[in-house]
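The letters A, B, C and D name the chains in turn, as written, and every chain counts its residues from 1.
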Amino acid sequence: MAKSKFEYVRLFETEDRCLPNSWIVVRVDGKGFHKFSTEHDYEKPNDMRALSLMNKAAASVMEEFKDICLAYGQSDEYSFVFRKETQVYSRRSAKLSTNVCSLFTSAFVYYWSEHFPSSKPLYPPVFDGRTVLYPSNQNIRDYLSWRQADCHINNLYNTTFWALILKAGLTPGEAEQKLKGTLSGDKNEILFSQFSINYNKEPEMLRKGTILVRRKVPVALPDGSGTREKSQVIQLHTDVIGDEFWNENNHLLTIS
Amino acid sequence: MAKSKFEYVRLFETEDRCLPNSWIVVRVDGKGFHKFSTEHDYEKPNDMRALSLMNKAAASVMEEFKDICLAYGQSDEYSFVFRKETQVYSRRSAKLSTNVCSLFTSAFVYYWSEHFPSSKPLYPPVFDGRTVLYPSNQNIRDYLSWRQADCHINNLYNTTFWALILKAGLTPGEAEQKLKGTLSGDKNEILFSQFSINYNKEPEMLRKGTILVRRKVPVALPDGSGTREKSQVIQLHTDVIGDEFWNENNHLLTIS
Amino acid sequence: MAKSKFEYVRLFETEDRCLPNSWIVVRVDGKGFHKFSTEHDYEKPNDMRALSLMNKAAASVMEEFKDICLAYGQSDEYSFVFRKETQVYSRRSAKLSTNVCSLFTSAFVYYWSEHFPSSKPLYPPVFDGRTVLYPSNQNIRDYLSWRQADCHINNLYNTTFWALILKAGLTPGEAEQKLKGTLSGDKNEILFSQFSINYNKEPEMLRKGTILVRRKVPVALPDGSGTREKSQVIQLHTDVIGDEFWNENNHLLTIS
Amino acid sequence: MAKSKFEYVRLFETEDRCLPNSWIVVRVDGKGFHKFSTEHDYEKPNDMRALSLMNKAAASVMEEFKDICLAYGQSDEYSFVFRKETQVYSRRSAKLSTNVCSLFTSAFVYYWSEHFPSSKPLYPPVFDGRTVLYPSNQNIRDYLSWRQADCHINNLYNTTFWALILKAGLTPGEAEQKLKGTLSGDKNEILFSQFSINYNKEPEMLRKGTILVRRKVPVALPDGSGTREKSQVIQLHTDVIGDEFWNENNHLLTIS
């Protein structure tokens, strides 16, 4: 079609290709989710419906972008790891972050009712997104370790904080005061001695967050004559800080 | 809270602040909306429900970001113009594009049922986003002119194309063939002579797209004692290529 | 010629085009010139040989890059202003900064002996460079005003500081102590009452720095039959903070 | 000192830090050196004075920047490899490229007379510079292999081209025509059969280019009591495409 004399404004768009041969992470983060979770009566310290909705939204992203080899989520955030060699959107940073962020948000609203059947969101929830590059395998492992360590620290705090409020009747201010300056061991001790909670027996999804990876699973052939392998997104709630996960999933860090 | 030894990975995040004193445009674009519109039985050449949903989603973005002074939408795209001096998110490019894009997407899904009451989307719709800078008032005007010229060119084509199919019974291939190489005048002539359609009488929203601006409107005081002024987002479907709109809205291009 | 299998590494180079329709400034700055000036016996507070060498090096840059419309220098720095529309090196930021910086450095060493006839530099002097964008005419004027105000502040300080040392016999430490917390008026007063120096009568090149612009000047035709106009780089030492300079040189800010 | 109201223009400077944990290469390239070499009577196909001057300039850069672990030069270009972890100039891209480029240029002019004793350059020579990142050890090896393969291809061509001109009396046009479409083997054959030149016996500096690395060398103690180790920049003209060099210098690719 004919081009207008205004077409020149396209030249103001910038090139933003990611450095080749680097891991690309797109992380989405809930915007104002402290307030959002209160307004939508999320259970404290963790709301299983909200977490399963997050996981569902993340799985939707992985179904769409086959070059995401792993995703990690906790609380109101999710990180998507594109394989080093991906050429999706020519590795353009903004294309990657906005597409992932938009699809995640869209799926979060779309599947809301499956996880919160009795209510509609009070307003459209928002997630921001960012693209970050990690050059080496060690860097990407450390990135994921960073998020999982964050999950652990926050969840231990929140579990103790809410036990003090919901079970011991403290006000939020009193609970905060009580936990000020405590170490992990102190919180474990409070949980155990005061509430008979063995923190290490808490659900792994809460303590470790959720890892999404692809697995070949056998699916029955339509004619009943046997099975074939199909790639499927599965959830894990395992440790990614140590070596075991990476040894078991060594294809993730191997350059094809 | 305690910081982990993995914290260093934050240093891999990059700074992406937009040049100061420049217009910031965030444009969102439907991903695969040709297919999406077909699968969701959008009326051709234009679906008023879809356009009003786009306008609703865009208005939600403007309600949230007070520094967006104008938005322009047509078809499956919307451009949001932040005022030159905005400091929202410290002018960080990815923050701006992902937040706008996420909120737009979220509102699109959230308000879907108000505009398409009888159906649910078949899957979560996606919009991508990008941030573009325009240094001068002429540049930002030319940007908006570019989009509106694009709206005109596409809508004239689509109106004629679908008239040939829906009213003259041509196949899409035949309609495409017939329009190949035609100029605007030719298409106007086909519409008028063959379908008695005076293109210039078509709804302005279709020919010009939608401009969202803020206007002070009087609202009644609760005690009935009079009115007060309130800023409100209003829709226009007027020409932004000529000077008239800008003369009437000269506050838009004035630096505060 | 044949391409090697290693050619792929070119893809790691990044695009760094400057935003169109913006003023491009490349500023070069002497690296470690406090030390360099001492080691090369620069006269204090100002060395006219060094300043004229700086101006010569800057003029060499302007002779080479016709799209530099103005340059401003003071002390060991020089700023080169490319016209808004320049397409030199496709506006690539690193190309601009490294070429300007390299030519400036090269000319500084090359022409050294013309300005310091009796000595050779003790080692190769170095200048760093940077590219900065300014969208509006006001911004580029403010940029130049910033550098000229800096020139004024530093030169007034240095003139007083060195008068205290060279004429009143203070040590550098004592001079520094004496000037601590003084305002411009105080320094003017010290210069006048103690050294009979009227600062406003000091050479303009020292108080204002040097502006390089192009002027059409008449040059004699080889056959003696008259003159023709030729563009030439000339030096000014005038105020660029007020309006007068810009009114007299209004072609500089007019978009062609 | 007092800040002026123009100070705000500093905010227009952009952050350009290189991704951490990546190899940083700064490559400088002669600007218009085809013309420069002709005007300065460089011997063809290679001028040993020019190459030794390039090596001297490069060594000056390595003496200054201790974080450059290796440099590679050929023809009118030199690549400087900063170790992955370098924090020089906070890894700011423009700072690195302009400083290296300025020092290289400065040293080239400064040391000119040591290598071309009988003449002065006709005008200040210029080198441009660029910063490129390479995430992995394989990438940086491939980068250097790319430059060395380029050296080989060009030198074989130039050696044959100039033999045809200088020894067989062809015009440049005729020599070009004769070499069109020839492979390496063809050029080796021309050199051997027509000029009795065994290309593989040509000086390694011409065939392989120059690698600069640091080596601990023993230096005599002033009191004659023995020696101590000192780091020194040395020249090699060896193959860097194969594994041997890297095995012998395996500290280069080891992360400290």
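Here is the rule we go by: a contact is a pair of C-beta atoms (placed from the backbone, for glycine too) under 8 Å apart; a residue touches a chain by one contact, two chains touch by 3 or more.
Chain labels with UniProt names: A, B, C, D = tRNA(His) guanylyltransferase.
Here the structure is a predicted model, which means the values were calculated and not measured.
S.K.: Same or different, please, for the chain B (tRNA(His) guanylyltransferase) to chain C (tRNA(His) guanylyltransferase) contact, judged on whether over half of the interface numbers appear on both copies.
M.R.: same
S.K.: Where centres are the averaged C-alpha coordinates, which chain has the largest centre distance to chain B (tRNA(His) guanylyltransferase)?
M.R.: Between chain B (tRNA(His) guanylyltransferase) and every other chain, the largest centroid distance is to D.
S.K.: Could you put a whole-Å number on the gap between the CA centroids of chain C (tRNA(His) guanylyltransferase) and chain D (tRNA(His) guanylyltransferase)?
M.R.: About 31 Å, centre to centre.
S.K.: With centres defined as the mean C-alpha position, give me the chain B (tRNA(His) guanylyltransferase)-chain C (tRNA(His) guanylyltransferase) separation in Å.
M.R.: Using C-alpha averages as centres, the distance is 46 Å.
S.K.: Using CA atom averages as chain centres, what separation in Å is found between chain A (tRNA(His) guanylyltransferase) and chain C (tRNA(His) guanylyltransferase)?
M.R.: Here the centre of chain C (tRNA(His) guanylyltransferase) sits 52 Å away from the centre of chain A (tRNA(His) guanylyltransferase).
S.K.: Going by the touch rule set out above, which residues of chain D (tRNA(His) guanylyltransferase) reach two or more other chains?
M.R.: Residue numbers touching two or more other chains: 12, 14, 19-21, 133, 139.
S.K.: Write out the stretch or stretches of chain C (tRNA(His) guanylyltransferase) touching chain D (tRNA(His) guanylyltransferase) in their complex.
M.R.: 1-2, 4, 6-10, 12-14, 28, 31, 60, 93-95, 97-99, 101-111, 121, 123-134, 139, 142-143, 145-146, 149-150, 153-154, 157
S.K.: Would you tell me which residues of chain C (tRNA(His) guanylyltransferase) are touching chain B (tRNA(His) guanylyltransferase) in their complex?
M.R.: 19-22, 133, 135-136, 139
S.K.: State the interface residues of chain A (tRNA(His) guanylyltransferase) toward chain C (tRNA(His) guanylyltransferase) in the complex, per the touch definition above.
M.R.: It is residues 11-12, 14-15, 17, 19-21 of chain A (tRNA(His) guanylyltransferase) that touch chain C (tRNA(His) guanylyltransferase).
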